[in-house]
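What follows is a pair of complexes built around chain A, which joins chain B in one and chain C in the other.
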Partner chain A sequence: MKTKNKNIFKQIAGTAAIPAAAFLIVLILCSARGVKLFETEGNWILFFRAAASVMLTTFALSLNLNSGRFDFSIGSVSLLSSVISASICTSLGLPTIPMLIISIAAGAVLGMVSGLIYVIVKLPPIIVSLGVALFYEGLAFAITNGYGVSFVANTELTSFPSVLNYVLIILFGLLIFIFLFDHTKFGYEYKALVSGQKVAINTGIKEVPNAILCYTIAGALMGVVGFIRATQTGTIQMSLNFGSIGVMFTAFLPMFIGGFIGRFCNEKIGYLLGAITTAFISLMYARLNVDASIQQIVTALILVCFLIYLNNENKVIELVTLKQYRNKKTK
Partner chain B sequence: MKKFWALLLTAAMMVCVLAGCGGKDSESDNAQGGSAGTENQGGGSGAGDSGEDATPELDMSKTVKIGILVSDATSAEALAFRTYYTEYIQKQYNVELIYSDELADAAGEAAAIDTFITNNCKAVISFSSFDRAAQIEQCEGVGVYYAVATGTLTEDEYETYKGYEHYVGAIGPSLSVEFETGYNMAKHYLDQGVKNFAIFGGAIPYYTEMHIYRAAGMLTAMIDAGGDGANYQGATDMGGVLGQIFADGEVKTGAIGDVNVLGYVGGYDMDDAWFGKCAQMAQTADLEVILAVGNGSDFFGTAIAGTNVKIASVDAYASSYGEAMEAGMLDYLAGKFSASIGPIFIATYRAALGSPIRTADGNAFALSQGYWVASSAEEFNTYYAVDSSVDAPAYTKEMLDTLLTADYAAFESFVSKYSFEEIQGM
Partner chain C sequence: MKNSKIKKYIMNLTPLLGLAVLFAAFLILGTVQDINISYGLKSILSQSVVVAVVATGAIFIYTLGSFDISLGASTAVSALIGGIVYNKTESLLVMTLVCIGVAVLVGLFNSVLASVFNLPVFVTTIAMLSVLNALVLVLIKVNGTGSQIAVPAAAVRSLNNTTFKMVVLLIFVLLCIFVFSFTKIGRMQKFLGGNPVCAKLSGISEKKMAIIAFVMSGIGVGLGAFLSIVYAPTLTRNTASSVGMDVIIAIVFGGMPVSGGARSKIYAAVIGAFSMTLLSQIMVMFNLNSGIGQMVKAAIFILVVFLATSGQRGKMLPR
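So, the complex of A and B:
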């Protein structure tokens, strides 16, 4: 019984440690400057928007990256799907929900095309995804004649940002993702392929349809991210020459954090908690008006320190254990 | 038999070569018809007729290739400029305009100029300013004419390069015009009794001079209207304010006499934290007007929806700003007009044809141009109708043709009349 309780405690502590520590640090830093972390509704909206978009981006990135497929095109899928949905909705006068649905559908199709190109041309995924990123960026540019899409004055489409809407996106996104990857045949096959591709293929699992489906799901997720970003300001700015790749990098820190937390709970919940951790940091940057250059340095330092810890975890544990042993011995 | 095939092949090749030459001639002839008019193309269009009389010394029969360096391919301003050149200028004159990719640094500029040279470009018009000095040196070294569009050289740079044979000159808002633009924008609201402002500093954190000068203009207007003892961080004049912004790399919030700068955001980070800062600033209590040194409505439009906060921007005339003005989100726009790059094209074209425009003392020119200011949707629509037209833009071919033989004084006079009313009255 004691061991069971100890395990449950260890799981809860391991799951909550990083986001709780991040929250405490952020709270202390804000208090030291006399700033309330959550002062207005706008602060809550920023927090949940950041958590939602980073969580979905992390899902989309990890989905292919765990299988060894580095996908640089997810940012461009997000850009192009939002351009398609916003262009259709502004020209037909459609409201928010159809825009979200069109964005998801467009993202899924674009992701599927990306996956098909990968399995057909059989080039390394990095090269394919770079080509696809350039192609989609160019397509978005061509569709809008370079002007992007602006619907700042469309109060219907720009009314989406609210705490409730972002919480709903987080919940639905998480539940659907958990269902797809933990409770379907596709999910089991995906896990089998991730853990041992050759063995999985020998058991009859088809790698190609699984890969295409992964790209399609990642595309649909990025469609939602594109929708969130577009409805945030009512404008979609164009990106060229790999300008859309930056979106992908927002997901690295939460992905590593999620991977760590995944030892204590479901990995997908780990990704959500990773996204929440980065959302706390983003909110702190905004509340304390931190300069962009300092933000970059701090974020890079956190990422590097975390990776150093992950790579040397055994040595750290060994050191701590050795110290405890010596202390006991001295006593 | 072999001889027969060899002869047949040779004959076929000769026919192809001759046909190719013929095609070239006819293409050239066609191009002449569409150009400003030449001595051997008397029966051209009306415009060609006038060009024939006006430009006897310029041989416009050959297509002139001009490279266009751009560091921005997606902003409303950049797209409007590109449309004017590709959809109007290129169709009116016997020129081929070759655009660079969207350049990100000085190395990219050098590589793009190399590509232009390989493509036999006779001149380069630059919208990219990572390293102007290197661009000028590179072009001078290979005898390619070089001009600066919508920008200016610093005083030191101008002194260094004004005598270069292949440096044509620069036309664009000078830094004093940028200062004036910011000053007038703030004054527009100060005259209405507005006291509470926020400033969007755009590229101030990257030390972009035009944005710093615009912000300095805004702050100086506030000092002038702020009553006795009003100052910005101790500075009371243009020089002091400029020095303070350059020292800080940002605009500090606080009171300037009885005028308040309640908020400030700079940069274009476009991440969650940055958008959070923008929303926070737009929702500051008692805020009345957001003064943006660049595009304001795209970043703050949704955040001010449902409030009485107004946005004033500096950018170009794009349809999205019209919608924002109609919706009451954008209140004031100081915008560059797309045809403003017409005169620098003519100067560059003339240089490539062997007739460069030089100042009275034989140097390259440095001329300033300002903005069209719209403070109502009606005004915006009037300007936008002209600015977005590819059939009858602000500077038409007929107007630009007068510059083909103009001396420096006439050229300078033409450029200096840049207001909407002055251009319409030409």
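So, the complex of A and C:
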């Protein structure tokens, strides 16, 4: 009984440690400057928007990256799906929900096309994703003649940002992702392919449909991210020459944090907590008016420090244990 | 057997054939549209040379099966620091050495960080990309007018000609070919890229090879930074902004396998860089919308790489 309780405590502590520590540090830093972390409704909206957007991007990135497929094109899928949905909705006068649905559908189709190209040409995924990213960026640019899309005056579409809406997106996203990957045949086959491609194929698992579905799901997720970004300001700006890949970089830190937390709970919940951790940091930057360049440096340093710990965990534990042993001996 | 050998030989030549076809297309279109072909070619060479130099150095990293996403940002930071130093010393030699020195230091930092702390090289370069991009903004803010750092155009005007740039590229390519094909270093790098386990068991130090690769790449980045200043002496946050991704595209387009190993070749970088610039120039000649131009470029990129690697595909999906 005692061991069971100890294990549960360990799991809870391991799951909550990083986001809780991040929250405390952020709170202390803000308090030191006399700033309240959550002062207005806008602060809450910013926090939940960051959490939703980063969580979905992390899902989309990790989905293929865990299978050894590096996908540079997720940012361009997000861009193009939002351009398609916003263009259709502004020209037909459609409200928010159809825009979200069209964005998801467009993202899924774009992701599927990306997956189809990958399985047909059988080139390394990194090369395919570079080509696809260039193509989708070019298509988005061509559709809007380089002017992008603006619907700032459309109060219906720009009214989407609210805490409730973002919380709903987080919950639905998480539940659907957990269901797909932990409770379906596709999910089991995906896990088998992740842990051993050759063995999984030899046991009869069909890799091609699995890979296409992975790209389709990643595309749908990025469709939601595109929708969130578009409705945030009511404008979509164009990117050429890989300008869209920046979106992908927001997901690395939460992905690694999620991977760590995944030892103590479901990995997908880990990704959500990773996204929440980065959302706390983003909110702190905004509340303390931290310069954009300093933000980039601090985030990169956190990423490197965390990875150094992850990749040298055994050595760190060994070092701490040895120190404790020596201290005991001296006493 | 003989047929498969010929097929393999042709496949290897695909990137070169691609370059020849693009060159022919440029000449035909130029003649039809009555443009100044010699001026157009000089412009293409000028535009390609920075990517070609940086990509040539980067081949050493790619050969190990790694890749560095921060090369463009590193070029920008080296150029900015070089520019600041020039404005203080008014010496082109010092500026060039500082450009190379900064780039090599960045490369060394990346490789040492990855080696000492056992981090995946790619991840360290992602973090470095953020840091360097931020540094670009800080450098311009602190040392420039807030939006730019300008080296007097007169100081570099005499160097801004095709001959000088080609000489710099040629010397660097020859140096890289020598190290890559005529020394133990090149062979060890190919071995490590092709079969890391066997290479390590044979006593090849992965850390040492990674450091050498990043130093060679750093020299290329430094020279690229210097040539960027020569080409456009007013340095802004957009300086070399597209170089990072252009390098990856050029290397792959030139026929370099992403997995590195024995099939790696130095000339892939040069072929790729010139092909991509020629392709962009042809798109401009067709007077296409920038977006459609990029779509065509993407399709040709996938097609050329597909043809160049058609003999190397296995039954399973590549990862």
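Operating definition for what follows: the second predicted complex is superposed on the first by the 331 of 331 C-alpha atoms of A that agree within 3 Å, B and C clash if a C-alpha of one lies under 4 Å from a C-alpha of the other, contacts with A are read in each partner's own complex, and residues count from 1 in each chain.
Everything that follows uses one rule, which is that a contact is a pair of C-beta atoms (placed from the backbone, for glycine too) under 8 Å apart; a residue touches a chain by one contact, two chains touch by 3 or more.
All of these numbers come straight from a predicted model, not from anything done at the bench.
Chain B and chain C, once both complexes are superposed via chain A, clash.
Within the superposed three-chain model, A:V320 lies out of touch with both chain B and chain C [touch as defined at top]. Of the two partner chains placed around the shared chain by superposition, chain C is the only one that A:I297 touches, whereas chain B remains out of contact. Residue by residue along chain A, chain B and chain C are tallied for touches, and C comes out ahead. Contacts of A:Q237 after superposition on the shared chain: chain B is touched, whereas chain C is not. Shared-chain residue A:T40: touches chain B; no touch with chain C. By the document's definition of touching, neither partner reaches A:L168: not chain B, not chain C.
Touch criterion not met for A:A21: it reaches neither chain B nor chain C. Contacts of A:I8 after superposition: neither chain B nor chain C is touched. Legend: residue contacts after superposition of the two complexes on their common chain; A:T250 is shown touching chain B, with no touch to chain C.
Judged by the touch definition given at the top, the superposed model places A:A50 against chain B, while chain C stays out of reach. Of 115-123, 169-177, 223-231 or 367-375, the segment of chain B whose C-alpha atoms clash with chain C in the superposed model is 115-123. Taken together, the two structures place residues 141, 145-146, 238, 240-241, 292-293, 295 of chain A in contact with chain B in one case and with chain C in the other. On the chain A side of its complex with chain C, the touching residues are 67-69, 117-119, 121-128, 130-135, 137-143, 145-146, 197-198, 201, 207-208, 211, 238, 240-242, 245, 249, 252, 292-297, 299-301, 303-304, 307-308, 311-312. On the side of chain B, the complex with chain A involves touching residues 73-74, 76, 78-79, 82, 101-102, 104, 205, 267, 269-277, 279-280, 283, 297-299, 301-303, 305, 318-320, 323-324, 326-327, 329.
Note for the complex: chain C touches chain A at residues 113, 117-119, 123-124, 126-131, 133-135, 137-138, 141, 242, 245-246, 248-249, 252, 258-259, 289-295, 297-299, 301-302, 305-306, 309, 313-314, 316-319.
Residues of chain A touching chain B in their complex: 40, 42-43, 45-46, 49-50, 53-54, 141, 145-148, 150, 152-153, 155, 158, 161, 232-235, 237-241, 250, 279, 282-283, 285-287, 289-293, 295.
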